[in-house]
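Input: one structure, supplied below.
When the chains are written out, they are named A, B and C in that same order, and each has its own residue count from 1.
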Amino acid sequence: MNIVVCIKQVPGTTQVKINPETNTLIREGVESIINPFDENAIEAALQLRDKHGGKVTVITMGPPQAVNTLKDAIALGADETVLISDRAFAGSDTWATSYTLASTIRKLGAFDLVICGKQAIDGDTAQVGPGVSEFLNIPQVTFAVGVEINNGVMKVNRLLEETNEIVEVKLPALITVVKQMNTPRMPSFKGKIKAKSAVIPIWGAKDINAEDGKIGQKGSPTSVVKIFTPPPKGGGEILNGSVDEMVDVLVKKLRDRKVC
Amino acid sequence: MGIKVINDKCIGCKLCIPACPLGAIKVENRKAIIDMDKCNLCGACPSSCKFNAIEITKEDVHVVDKSQYKNIWVFAEQYEGAVHPVVIELLGEGRKLAKDLGVELCALLLGDAVIEKETKELIECGADKVYLAVAPELKHYTTLPYSTVISDMIRQHKPEIVLFGATTTGRDLASRIAARINAGLTADCTGLAIDKETKLLMQTRPAFGGNIMATIICKNHRPQMSTVRPKVFKRATPDHSRKGQVIKSTPMIAQSDLLVNIVDVIKDTTSKVNLAEAEIIVSGGRGLQAPENFKLVEELAGVIGGAVGASRATVDAGWISSHHQVGQTGKTVCPKLYIAVGISGAIQHLAGMGSSDIIVAINKDPDAPIFKVATYGIVGDLFEVVPKLTRKLKEVRG
Amino acid sequence: MDYGFTEEQKMVQELARKIAVEKALPLRAELDETGRFPWEVVKALAEANLTGIAIEEKYGGIGGGTLEYCIATEELSIICGGIALAYAATGLGTMPIIMFGSEEQKQKYLPDIAAGKKLAAFGLTEANAGSDAGGMQTTAKKDGDYYILNGTKQWITNGGEASTYSVIAITDRKKGARGASAFILEKDMPGFTFGKKENKMGIRASATSELVFQDCKVHKSQMLGKEGMGFIVAMKTLDRTRPGIAAQAVGIAQGALNEALKYSRQREQFGAKISTFQAVQHMLADMATQTEAARCLVYAAARSIDSGSEETSKMSAMCKLFASDTAMKVTTDAVQIFGGYGYMKEYPVEKMMRDAKITQIYEGTNQIQRNVISLELIKELAAKK
């Protein structure tokens, strides 16, 4: 099986804070990590490869330092990696990103399955998976929590709001995976040694035959006009006294406000 | 194409520095300098400069005649023959936008023959027109049939704005359509407004797990598309006397679109009350220490008729099913009352419940971030507080 | 502080730390309470190749040495000494095979251990033979091509969970110091069962059980080295693995220090953080200094072993003695810094204090270590004359 995984290097958003004076993200000291959902995507790919044989290629679109995230993927067990990086990609929104990734996957050659994480924890859009499917003209199955493949037919368990939906689709196809799909394996020492000496190819716009008007800022329908910190939600009160006293006060307040 | 500082106009006032989310601007010798290694041409700084000294030169390759695009559409998601509640919220907000632009508000409803009865509610809640597409293959949502039908209808009728609920269906669907028709899509919008001058849809949404808010526009592509999470906007009030037009079509679904078959649907029988719709939610976090202690949460919820929610940590630990998860990667809820038991209040959790009317936090750690957003906070041992609270509420409610 | 680690040693440290924080930390309180074995952590260690840390590459390991083993054990111990022991004790059980095993024995047993598929254990101690190992009662009577084992080993770490056991038994009591032999036993061999699992004061995530041999018939090909080498196998094994246990003690001390430091910065009394009180500052300074000294001694002993030195007994004993005494003192002080909270199970330091105690007792009591050290000192002096 030929599996392609799309991953993204993101700042560890649990640590991202805004500097109150400058209203900017404090990026110093915030480490870059593989987008957590993409770890599940890589794990899903590796498990399928271990079971069915084949190859796992991990790709990422990003600035030059995103190569570290591909090294992490090699340490986890990825067979091959490609970094898609070019000044021309700067300013890409999800449309242009999807187009760029799809162009790359086409360049890689025949594939059976593309796996993406549900969403990236910096953008939180969950738009790239479906976008890539559209550009590759293959069916998509999102929110996958379980995958089985038999004779070229994939059965996917989708985790929806109130239900689990089981669907079947013939490969090639794309899936986006949620956290509950699997527990990502640890990187291995042998993998880290391999990653250390790995030479990772870097592809630019020309290498993937990308149309100029569809990449980067030029190719992006949306643009950001403003960023700001959300207003702090304040004005609460911490109750005092013994537990009994606090409970009494709380119940009275809630009853007065007619909430319960 | 690129970005540059027009030195003649720049006076080094430094207003642009905080506008850049990547810290790519510094001021030296009273002139702004942009670090091209950090800048990703996101476009946030030019509007911050009062002297128009920052210029992003963008070659407008994409040309679409925007004047041809009119009206606001709301995708009327349906499940098992009933319109999803988020649609009524979108109609409420859509009506405001339609008023600002002086255009019509339309609903887009796909399904099999059974769905036709839902057009009445859509009109009563504000739709001037309902575009109804009926085909047996559209009974249950699958990506390709819906994407094709909707893309074709958009191409035909050219709405300027299309709104979707940010449900699993909406998120699966909207991006596929946007890719196909080269439209701009913004996800999880918490604010929508029409800019008075440009008439563009200003879409505000959280990023970085809610640490930051961004306002997005789709300048040259049409339609401008947004997904909106349930419970973000207020429901439209139905006006039973309202009249509207139903435009029905019966599209042929191509075999090449019927690639994904739904084989089974398993309902989650553990949740007694629908979390997303609940007016009262009691949520449990790591502070519960063990899965069996969720019964404290369940008892309290039971007494006040609330649903049970959970933090990501407890779901990850396998203490409760993920259908109960509230947060950035779980459900967004907006109840009247949200009681957080033993939850620290990480930003990812707040992203899912921060807009609740009243938040009560019970946690033994006085520094827990949840207390910053709580309306009422009790610093104490939940194993003592929660049973007492349950008892007291049972008492006063009779 | 820079300990002069190679790139590979840094990788080992990163991997062990990642596993400790992501896999062991969420479990440690539960495992301390229930005594359940940390299989999830073993699985993660196997994925990371750390279960093969001191096994040669040709058997599937990563060809590291004592220092790598100490680094991994220390990182795990910072989070939980009990979980770390489940890992470290396999190293102890494997060492006799690494040092004395024949090529066939290595091919048979090492690959599964390296892959983390099987755990190992070391069976020396008995009810009446602790410090006095020579007083052991377990016998291995020769019977043609076989040896029949009878007896009970006590307090064996990983007992019941491990698949591979290096066991020392008396083959000919008349031969005194040459009277014991070492055998490799497998779980489920007929005549080999497990006795009760102990309910311990600390390191409760690790399994400690009796090994019971009743006419357990073992082929001579399972013998490690030659007949009569049993005590040599045991002593040399312990020399090599003492730094690992010392590393466990260093980790426990470091974990306690980290918690105490963090707490002192949060806790306010008399209108100030207690970290501003000189009494507390001095305690923290002593705790940190002793832990650092213990660490350096452990690394020095490990490096000495890895460099191929034959004279490792003294350093091994010293680092184990010093690190374990340090762990006991540092964890006790940590509880003191936490005050009343330190005594409560909700806070992690009381467990660390309970975990530390055993490091002064097993792998040779600290009294025995002092014997070893003094004897070595005298030997060295005698050699100079």
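In the analysis below, contacts are C-beta pairs under 8 Å (C-beta built on N, C-alpha and C of every residue); 3 or more make two chains touch, one makes a residue touch a chain.
Since the model is a prediction, treat every value here as computed from it, not as a measurement.
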item: Chain whose average C-alpha position is farthest from chain A's own; value: C
item: Pair of chains joined by the greatest number of C-beta pairs in contact; value: A-B
item: Distance between the centres, which are taken as Cα means, of chain C and chain A, whole angstrom; value: 41
item: Approximate Å spacing (C-alpha centroids) for the pair chain B, chain C; value: 53
item: Length of the line joining the C-alpha centres of chain A and chain B, rounded to whole Å; value: 18
item: Chain B partner contacts - residues on chain A that touch it in the complex; value: 11, 13-14, 16-18, 22-25, 27, 37, 90-91, 93-95, 98-99, 118-119, 121-131, 133-135, 139-143, 155, 158-170, 173, 178-180, 212-213, 216-230, 232-239, 243-244, 246-248, 250-251, 253-255, 257, 259-260
item: Touching residues (chain side chain C, partner chain A) in the complex; value: 7-8, 11-12, 15, 18-19, 23, 44-45, 47-50, 62
item: In the complex, chain A residues that touch chain C; value: 185-193, 196
item: Interface residues, chain B side, partner chain A - complex; value: 1, 17-23, 39-44, 47-48, 56, 58-59, 61-62, 142-144, 147, 167-168, 171-176, 178-180, 182-188, 202, 206-221, 259-268, 271, 274, 276, 280, 304-306, 315-316, 322-323, 328-329, 331, 336-337, 346-348, 354, 357-360, 366, 371-381, 384-385, 388-389, 392-393, 396-397
